[in-house]
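First comes the structure, then the notes that go with it.
For reference, chains read A, B and C in written order, and residue numbers begin at 1 within each chain.
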């Protein structure tokens, strides 16, 4: 393992919980690794599997999706859908040669800033062990113009 | 000084099939190499797929004979799950299959390989296509061919969901049944099909058999090989496209082996040459003795002529009559003249149409039970049918969930690969020898005819256009320098 | 006034798209009379050098089917692009890569190894492997072209104007598209020439599809005999109709088999497989992990199920080799 490898992680955080937890971690001056590029979504249920695949295509080594605990979803069942989709997506990934551990779903409420920090640190270490993904695509060769 | 002749079907095939011929110092053919330069890997990307998806995946090997793959695959699933389809399902499958054989053979005769004959081997390439055929037989006939195929294909759309890439096959049955209200339509189309098949036979007799020159071409030594012949037969050793055992006869016409699909590995092996991606099947017990024919060589042949040679007769009356006439005309069984494939193909059309009528009238056809649900744990299944172009074998091995772990396909035309090489070799000898035509066009014609008679579905064996071939012959000196190039 | 010049060509194709054109049957005759076919290897006898001799953009429209696998196919596609005003990707292989695109889940080495070393029908102790250059004793060299690991869509090698989806396309859609183009009624560039609606709209079982469709388990097609009148997805079969573009009239469903998605995605969708996966996952009525895992075990091959026709066009179009540690 390359000691210098710093994973590039895309974080898709639900506006109502995990994103606020990230805010709280910030205002509380909590320290956590800077590897996560945060994308705010209105619900974890808004995270279309295509967005996750897109993140890997763009060079993410890992994708972390953060949503509300069951029962807390602002839109009732959005997080239920996220749960099912990501479970099935993790079944697809190995067929594409991607370790399913590179995709992680966590329920992190707005108050759980400390938990968010722990998760990020843990995920970073996990990805460091796995190594870079950098699903390399020669862009000129593979760009499909969506019809 | 040796010369090289390369036949390279470039324009239609983009390098998907080419023939390279080496001559020795005397100017005689030393060796002919049939090179197939592509491999798509269906057997390998089948691994990991659920077996029940294979009847829809494998037809994409070939869009002209998708039904052949669909059916071989479905039968492999029956074997895999050790499940017997109900009577109605078997009838429906055989019905769909004969509809397909009839329209596909018609396509070949009128659109693809047949034009060689109908228009004539001396005709310019620009005429050797459907338009030339129409010129010869008339527009009305042309419209009849188009209409008949459309009718038949519409039936299979109704029966199988899609006519190109059918979807109905399942282990233990079919997805869609036929009701009594549907039955008359099948009977009517079958009757028209039979008339059409007999008309095609008549057309062939008029245009080809009444023409001395054509007949001489058929029986000429240039297009003759004495190989083993293989085809599927029923319990009475009559040709059957859908089910039965596979019978192999010697070059003298004696039964050599009759095997069940499950035992194919004891009989058929594949030989690899370093200069081709396509492998060459041969009879394993006899062995690979090189590109040579005769009883000591394991090379065998499939497709219409081979099927008629390997069987003891046809299972329907008018086809039987035509079968007897062909063998009487050509001097008894077996017939070794490759060009007789065109004739045998039409006899098979007659059989398919007559069989269609029988099936359309079968009482059990409309029974509601069309599925036996599998209960056994899957492990291994082998399914065999006669594709228009030869014996087709699908072999699947799965885990306990029915996920393919290993697949092996021996695909129709592939079985003829070695014999095609022999044919090309022989044609090359004739055309480059003292007796052969001096002009480029004549050279190409003769080689093409050898090829086309097999109706090679390189779409199956590789990736090429079924039937028609554009050829390029490159004549090179021993250093590989191009001396002369001839293209169609 | 000269007739429009038309070309047909096929790349890594099974021939089904060519059959689809022939299936126009009687309807093909007026089209053939209205145009000047300058290149159609299947039926007519023009050669590559005839195309090369044309002026650029001399061909009014070129229909190209099949995926791109060999360098020769890429070259031919580029040549036709140069010589044509319009290029139509005809059929799902050209549009999305098609079933041969499943080869992107494996690689060239694995294919060679299986076919020539491991296949059960090989002679005992097979040691011959095809070579790209073989020196034969008679002083000649035989060559085989290198084939690529990757199957690609047409628009990954050239600029494409329109797409006609289907495996194969329906004759009716083909005819409509050809007529439109010949009349000069050109849709916006990049359009897919098929209805912009989900297959469900055309399906005769649509009325039986519940407003809120949830399923409690998934069935593989050989495990059940479905009801012949009700929505297949609602019965737990993996019918991808809701995620698939319409235009085929739901032919497979009429044969009691679920739609497998050959017409490709709906209008704004970038990755068909991802969306189809999302569809199926979303409707399973449980949040219990164990129950969900059991249910999803009935989809033992998500890649083959959701990306059967569209892997080369996917966001992640090729299996990555995981390096051993």
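Rule of thumb we're sticking to: a contact is a pair of C-beta atoms (placed from the backbone, for glycine too) under 8 Å apart; a residue touches a chain by one contact, two chains touch by 3 or more.
This structure is a prediction, so every number in the text was calculated from the model and none was measured.
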| item | value |
| --- | --- |
| Touch-based graph of the chains, sorted into line, ring, star, complete or other | line |
| Geometric centre: closest chain by C-alpha means | C |
| Maximum centroid distance from subunit B, chain identifier (CA atoms) | A |
| Centre distance in Å when subunit A and subunit C are each reduced to the mean of their C-alpha atoms | 32 |
| Distance from subunit B to subunit A - Cα centre to Cα centre, in angstrom | 53 |
| Approximate Å spacing (C-alpha centroids) for the pair subunit B, subunit C | 25 |
| Numbers and ranges of subunit A residues touching at least 2 other chains | 95 |
| For subunit C, residues that touch 2 or more chains besides their own | 105, 301, 303 |
| Contacts with two or more other chains, residues of subunit B listed in rising order | 48 |
| Contact footprint of subunit A on subunit C as seen in their complex | 95, 105, 150, 152-153, 155-156, 160, 163, 190-192, 264, 269-271, 273-275, 277-278, 280-282, 284, 286-287, 289, 292-293, 296, 299, 301-303, 306, 312-323, 325 |
| Partner subunit B, residues of subunit C touching it in the complex | 10-20, 22-23, 25-26, 41-48, 69-70, 72-73, 76, 98-100, 102-103, 105-106, 110-112, 114-116, 119-123, 126, 128-131, 134, 136, 138-142, 144-145, 147, 167-168, 220-225, 251-252, 254-257, 260, 300-301, 303-305, 308 |
| Residues of subunit B touching subunit C in the complex | 2, 4, 10-15, 20, 22, 24, 30-31, 33, 35, 37-41, 43-45, 47-50, 52-53, 56-57, 59-64, 66, 77, 81, 107, 111, 125-126, 129-130, 143, 146-147, 149-150, 153, 157, 159-165, 167-168, 170-172, 175-176, 264-265, 268-277, 279, 281, 284, 288, 371, 373-374, 395, 401-403, 406, 408, 410, 459, 463, 465-466, 468, 470, 476, 478-480, 487-488 |
| Touching residues on subunit A, where the partner in the complex is subunit C | 1, 48-50, 52-54, 56-57, 70, 80-81, 83-85, 87-89, 91-92, 95-99, 131, 133, 135, 137, 141-147 |
